[in-house]
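Chain lettering (A, B, C and D) follows the sequence in which the chains are written, and residue indices restart at 1 in each chain.
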């Protein structure tokens, strides 16, 4: 594929630049018969909307979604769902200056090298606004998954050195704190940390965690379409993510088999695991327990303090980035991680439907 | 796809079970005109062969590769290269016992849930022997990449708490130490650590790092076929890998933009980066500097100490695994990580060949 | 895939229903650096626009295209090109009646069987308006191909029993006759034939031929991505096409090897074929001579004369279709066939760019 | 993809050259739980085996299949099924001569143009022996389809001017006549026609028809993965096929809507069509009636009479092909067409399993 499509059966294709007319996504392969309306999508998009808190860019965008196809009488028809969000708050003038040089930590240089030139306005296709299409598709996927009792929950796990305490876990806080942390106390500390960053004209990074409950055992296809492999791809494809962990993740290298293995046992007549170091995936296939993943997100590369770089004429220069930028990407990226996870789980669920002769007989015998 | 194929243009399809007649791979899309013979493949396969050191399973397998198609007069023809390795040292009897229960940390339970039953002999398709196909394909990819000055080097970064010192970096040690560490001193310590694990009937985990030099800027396709996203998928698809990092990886969350951004500067008339926190990839596209990735590998799940589990009758039982198992997966997986990286980089390089009109004109104007 | 995407590197994804808000296409993988504007697309779309002649539906649609992404400073950037056409002349009321029964020759019944219900307005996704996305993408592909001296020309070969004479071939007539025939005399006869059909409340079929000049030898990938196989799929995927021929097509079964084989000979120092029964493709790979294909198109299924069918209640009924319908699909489908051929040829050309090590060296050695 | 793989869920990858060590196929995505053994495959392969009749090449090949993976305790496990046939009767010496020139009607020239050189022995990858992999995969697909009451039947429809009479249809004759015709009388006439061709050192073409019964309504995905589009691709990808028809095929252009439309009616309480001009597919989706397709096959290009061509030195020469060649491709290609149809139908059936929310609920609700 050419890079803007993802998925085997449930397939999304995103398009659009930061300062073009609009951005959007085509969701193809969505099963027919799902009640879906623009409100379902907007709820998700609002979670990544800028301009809502002190730690987010003051740029205001309505980000109102329109559904242009694939829905009839309130239900998905099985045909592609085209969704579009218009760009309304572009200050392209702000970017005239950056046209001629390469911002450190951005994709300016690599786009130029790849394509010979680039749409420099607001990062063009490499802008964070590109994730609008992902989130709109994620909202659709999450709604399908909810029909099968599958629930996703992503949140900020840490910002700089401030980590949430899972004992304080408060799901409502995710949507109510500016940090998207599920721990109001940690959130306050993180806000103070970010305020200090901003004072220093600097930015911060953090960690996003996503947990998924209710996933039936059996999703994921050995050996390359493993569920963890596809989650890793989906999440690593989000700009600024530099590491992905499943379950205990990087900690496994310090453990022994005796402490890392999850024993099986019987509970209420069903097979369950006594622990979940594996994060719900064994051999690339979901094992019926909670799926757990984490994304490590780098600090916003657009900072106001001076930086060394070069321009297109090959001269070394000092720059100072202007404009409207988030001091941290994490809080607004939480819903993006959740969306990418939803998309991946749903595709695996649909592909798995035909894994056995006896599954197919349930559908084709009437 | 059905899960056993990977790649868009340079595409591999692996097949085979641990205790079947053979395992193999079909490499399709390899460019024509590459000198290639079985020795090129065997060199790579030998790096993952068991029975060579004290810290590897005593199971001996010749793992001799045969090339069955795609080569004529010593060169690749552009048609699929089919490669096969016969299984010769299977003790299927060892596995009769495990047919009836679920080994913790293995894919026994999830395969049963997905497919309704499983080939229980040696893990069947979820065995580490499945990686033979990956490594054979990786050897082909690495040879193609070498034509373009691209060199890969993977090694063991750490085993349990023992980490190599990059100041001691000794490339020859990778192939000469039983740990595949590039630091003979760390290797000795790690061997001692593993000897202790084995004494305790336990196993250990570790970290594999892979660096890739000579990659031209421009490889990788936004937004889903990003180079880092595809590397993450390729590496996470290796059994036992639970986390993947690019560049500074998990450390980025503790940094600021001012310390994480890599400045650009001019060196010998060319644009280079003054540092490489990004690990050679910006916006999902290679930036011309060294690509760096790490895989975190869990401890071998097959341990000899007793474990709790359940059997297919739904009874809780205690088991004690027998047979021949590595106390650590890491050293033999080093070449697997290198192979998956080679496959991914080559596919990106081939896809990128047609990214610009002016590239196509170099080929189609005579 | 989910069915609305086509292509490996040059990939299109279409969306939209006849009576939804809009229809469109995302073209991904278009090489960067092509001058492109809405006029380039509109020229193609105008060739399939209704309401222009007596033998086309009187329904008038502006079908004005908007490009929403992927173009910057007048050139393609390498990122997805999203194009959209608004629906403006829907009379959905006309279709209320057909909601409850199955029109013969249409996809009403099969959509209901597949998805459980359907968007019955104007055929929904199975409407001929779906081809707008194909033609917009085809216009892009054709412009890329023109950079390499590749020219496509499709036309009506026959309508009912009236076949054009290739001796009279007049390329300008294709755009100037209502039949899209390259023979004004045949066109007059065909118009008369169609007038008779309309008088009988009936419809007619015909044949579309497409010739493609300037295609370099070497495009197409054995054994499943053969150029003829992909052309067959691309053209057969157009609604109403029931047969596809390459070169001499169905005639080959009556020939002998001695008459069907094309001899090679030398002309101006280059290898050429003395004849072209093969239609420019040998072993699934372009041979450098003219590519020739034909599509056989069934009569418009919407006819005004009474027909027998059943309704959703399972009752046999007689219906009489109303509304605005073309008496023949062929003339407006000519540009659709040309577009599908352009898309297929371009994708093969891009994929083929990395078929040889020496091709890649032209790009990656600087 | 790179060309040797086909299918979305049920996916085959073929490999092998005429004169290499072996040819084979990897079938991935086959649903688990199907009883399958080598006998199931051999029955199909025997139908394309050479050396069995006077009108087939006297070259004898055992073509014994080995299954190397994917089967355990007599059933498919859901993992890739690797199948291999050794080449045993190669006379590579016969081909030394043709190394230096281009045989008319063959892929010699196009392979050279694409890849820079070619495996000239017996046509290499473009040999008819390549179809062994297709037929082995087709045997698997057909056995899966039989679990759902879907039956395929392909046969020779015509050879040169001799066409079978459907009134004489005798299914057993397909396997018993050397022509694979279902009409013993026509077969005798065709044998005589072929004897005359052979006497003239010439070859003949013909038509293969395939009918498929029991296909449920609903298979095929608009707009590019239409069932007829994929059948066209699958069948056109067979070497020597130059045209593909669905249902009435090329005849549709001479019909009117009133005669080409199939009325719906009620029979035994179910909706059926009163006729089947459409060949079982409406809007690209199966309609529950018999699927009908035809492939037009060119005469064997290898003929013994003298032909004009050029050699690699660019000289015009006269050649006279030697070796062992069939005077007609059709009878041995019948099972190849049937196989490609089976593969296509099964993939569509598996993809369609997740087309509706309610289908998925049948599988995921326990």
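Here are a few things to note about the model shown:
The criterion applied here is as follows: a contact is a pair of C-beta atoms (placed from the backbone, for glycine too) under 8 Å apart; a residue touches a chain by one contact, two chains touch by 3 or more.
Quantities reported herein were computed from a predicted structural model and do not represent experimental measurements.
With chains reduced to the mean position of their C-alpha atoms, the one farthest from chain B is C.
The pair A-C is the one among A-C, A-D or A-B whose contacts match those of B-D for more than half of the residue pairs. Between chain A and chain C, the centres computed from C-alpha atoms are 38 Å apart. Once the centre of each chain is set as its mean CA position, chain B and chain C turn out to be 44 Å apart. Averaging C-alpha coordinates per chain places the centre of chain C 26 Å away from that of chain D.
Multi-chain contact residues of chain A (touching two or more other chains): 1-5, 8-9, 14, 32-33, 78-79, 114-116, 125, 222, 355-356, 358.
The touching residues of chain D, counted against chain A in their complex, run 8-9, 31-34, 78-79, 144, 147-148, 216, 222, 349-351, 353-365.
Those residues of chain B lying in contact with chain A across their complex are 1-6, 8, 14, 102, 104-107, 109-111, 113-116, 125-126, 130, 158-161, 197, 200, 202-207, 217-226, 228-237, 239, 242-250, 252-258, 260-266, 269, 271, 274, 278-279, 281-288, 296-303, 305, 307-310, 314-316, 352, 355-356, 358.
The touching residues of chain D, counted against chain B in their complex, run 1-5, 7-11, 13-17, 20-24, 26, 28-29, 32-33, 66, 68-70, 72-73, 75, 77-82, 84, 114-119, 121, 124-125.
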